[in-house]
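Order as written gives the chain letters A, B, C and D; numbering starts at 1 within each chain.
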Amino acid sequence: MTKNFLLLAGTAVLVAGCAAPLPVGERPKIAASDLDQLVAVSKRDFKARGIAGMDRLELDAAMRACNLHNDNPPREVSQPLEEQILKSIPFPQGSLLGDWKRGQRLAQSGQGMTWSDKPNIANGGSCYNCHQLSPQEESFGTLGTSLRNFGKIRGTSEAIQRYTYGKIYNSKAYNLCSQMPRMGHSKTLNEQQIKDLTAYLLDPNSPVNK
Amino acid sequence: MRATLGAGFTDVRVLMSHAMETGQRKDASGKVIPLHFIQNVTAKLNGKTVIEGEVSQAVSRNPVFSFRLKGGQKGDKLELSWLDNTGVTNKTDGTIA
Amino acid sequence: MLKTLMGGAALALAAALPLHAQVDIRKETQRWQQMIAEGSPAELFEIEGEALWKKKQGPKNVSLEGCDLGQGPGVVKAAYAQLPKYFADADRVMDLETRLLHCMTTLQSRSPQDATQRLYGNADRPSEMELLSVYIAGQSRGVPMAPGTRHVKEREAFELGQKLFFHRAGAWDFSCSSCHGEADKRIRMQYLPVMSQPEGVRKIVATWPSYLVRNAQVKTMQWRIWDCYRQMRWPEPVFGSEATVAITQYLTVTGQGEPYAGPGTKR
Amino acid sequence: MQMNRRKALATAAAFGALLVAGLLRPVAAFAAWNKGAFGAKSAGDALKGLGVANAEPSAAIVIEAPQIAENGAVVPIEVMSNIPGTTALAVLIEKNPFPLAGRFEFMEGALPFVKLNVKMGETSDVRVIATAGGKHFVATKEVKVTIGGCGG
């Protein structure tokens, strides 16, 4: 597949006369063949470095579907995948609420998972990069929704704990093409860390809910 | 250095290449990089000192200063010099354009 | 040191009154951006870059002054504003950095290893690539950005870049669009330009390469893309690869027409 | 040092300005650096070191600085005094480990104006002292230093 594409690219010719305007500002439609091309190009033009291996360029069923449908796949595509992903989340037994204070530090830290990070550093959750949480932290991103009063609004029932833990572990279980990284699935955060973040979001004593 | 006539004054902008080390930074091997910064900046107009500045390590790396001189005429001679904490000194001359 | 600075910032903010109530964050950060651009030391690096452009190097002991950046051998005036473009001698689309590498390995007969051994410099010693790039880019000040769009390969590069821009992969499933796809969004307190739209990307392509105040370094567009992919948790893009040039081509074509106003000064 | 001199000279050349070779000049050509004031760890001690007491608040000191800096490595600060007879301006960053960042004396021929870039470790008041006719005046402005980008 890779070879094929490369050969094709090698046979280009000059455009004669005036060419149609390039589709500036548009979002391109991605066919299955385009996706194969993009995977091939990324495997050719990127290289493994440090902890960032080439396996990161492989697309699983979820990311394939999102890339093919501009992050908006039809329900018949997304629903079975979401159900499948939800079943794959290894929910721990018992309470899912860890220590909100540790969770706060995780929410603040944006480190980990890049090729310049050492393998055994403590990864952060990068939460504040995209979300508002505690009113005391003014430097928060807005790519994600505000999580201010997350637990105050929802309570701490078992169902809410499961949803919160599951969403952090693998956001794609609830919204296939969510832009939020799959923190547990990608092995960015471990079980205890996700519990701590769940507590940060739900614990009534957490500044998120004050 | 760039010196241009403004509305009733001459704008003088000067760039300096200097690390302005705070003495708190560490190099790749973990060794503390010693304090190294410009301490004095002097501006002279036609040979006469018009500004004498003293600065600290808080000035940013590769310092950029702007000053304003009264009046000033095209062709007037400007001289900017600095001295750092290790005794290194440097001088730039220019004319008002 | 930088890390310490940032840690301190978080604590200080925590103690302050609600910032959103007091000031227009967007307006004030733009004012900071404008003020650092006015007091920019980027020119210091242009001068060093010019000296390197004229420095005789390599087995043939020749300078890069005979390098054809697209406007004829040795022409640096307005060359950067017309890149990326297709080069017949290499039969591919090249951005500035890729073309400079080409000239180092052909004109100067340097080995690819020699030319690429230190692509990214540091505050104490910028790389040859970085210094050359700021010098050459500076020679396009005021010239509207006009990358090549007529050759089939230039068009293919645009289309590949456009698709790559939206392609999600990496450990965190990010594409360029994850952060640069929606208007008025921020990471932490920094507003993100929408790079897929002309109004979002025009000023961006017209100000790289740039001096970054956070580490006191001059950096090129290749670096910008490389560091984005690092933070996207992808593997490392190969310097000057077709994919990186395609993204630059896509962004530059999208932002074409903007008079070049760099080398810029950025956070 | 060689490098520095070459860069400074080349800069002058780039703007078509006349240039003269840099010379190693005797230290005596510069005023003594006020070690006491610059080495002070509080703004109060720094002011003592400068001999400033009872500075009077003045709206005639104009501090032009962004209210938010996305990075503390470069915070541009422009200071101007409209107080007649101003002969000196001092800039202090209250929360820096060594608050005094700079002090400038303006002789006949210079306007009491300076623009410089400073490092700020954290959100802080910027305090400016103007000296005119042997009296001292003060104005302050807060600059918030924030976390930008992907959290470092």
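In this section, contacts are C-beta pairs under 8 Å (C-beta built on N, C-alpha and C of every residue); 3 or more make two chains touch, one makes a residue touch a chain.
Here the structure is a predicted model, which is why all the values come from computation and not from measurement.
Centrality by Cα centroid goes to chain C. Between B-D and B-C, more contacting C-beta pairs join the chains of B-D. In this assembly, the chain whose C-alpha centre lies farthest from subunit D is A. Centre-to-centre spacing of subunit B and subunit D amounts to 11 Å, using the average Cα coordinate of each chain. Averaged C-alpha coordinates give centres for subunit A and subunit D that are 45 Å from one another. Distance between subunit A and subunit B, defined via averaged C-alpha coordinates, is recorded as 48 Å.
Annotation: 29 Å between the Cα-based centres of subunit B and subunit C.
Annotation for subunit A: residues touching 2 or more other chains are 108, 128-129, 138-139.
Chain contacts: subunit C has residues 4, 9-10, 13, 16, 19, 39, 43-44, 187-189, 213, 216, 231 touching two or more partner chains. The set of subunit D residues that touch two or more partner chains comprises 7, 11, 73-75, 78, 115-117, 119, 146-148, 150-152. Touching subunit D in their complex are the following residues of subunit C: 2-6, 8-13, 16, 19, 22-23, 25, 28-29, 31-33, 35-36, 38-39, 43-44, 46-48, 51, 187-190, 213-216, 231, 267. Here subunit C touches subunit B in the complex through residues 1, 4, 39-41, 43-44, 123-124, 213, 216, going by the rule given at the top.
On subunit D, the positions that touch subunit C within their shared complex are 7, 10-11, 13-14, 65-76, 78, 95, 115-117, 119, 121-124, 144-152. Partner subunit C is touched in their complex by these residues of subunit B: 15, 17, 19, 22, 24-26, 60-64, 66. Interface of subunit C with subunit A (complex): residues 9-10, 13-14, 16, 18-20, 149-153, 155-156, 158-160, 162-164, 166-174, 178-179, 182, 184-189, 192, 196-198, 229-231, 233-238, 241-244, 253-254.
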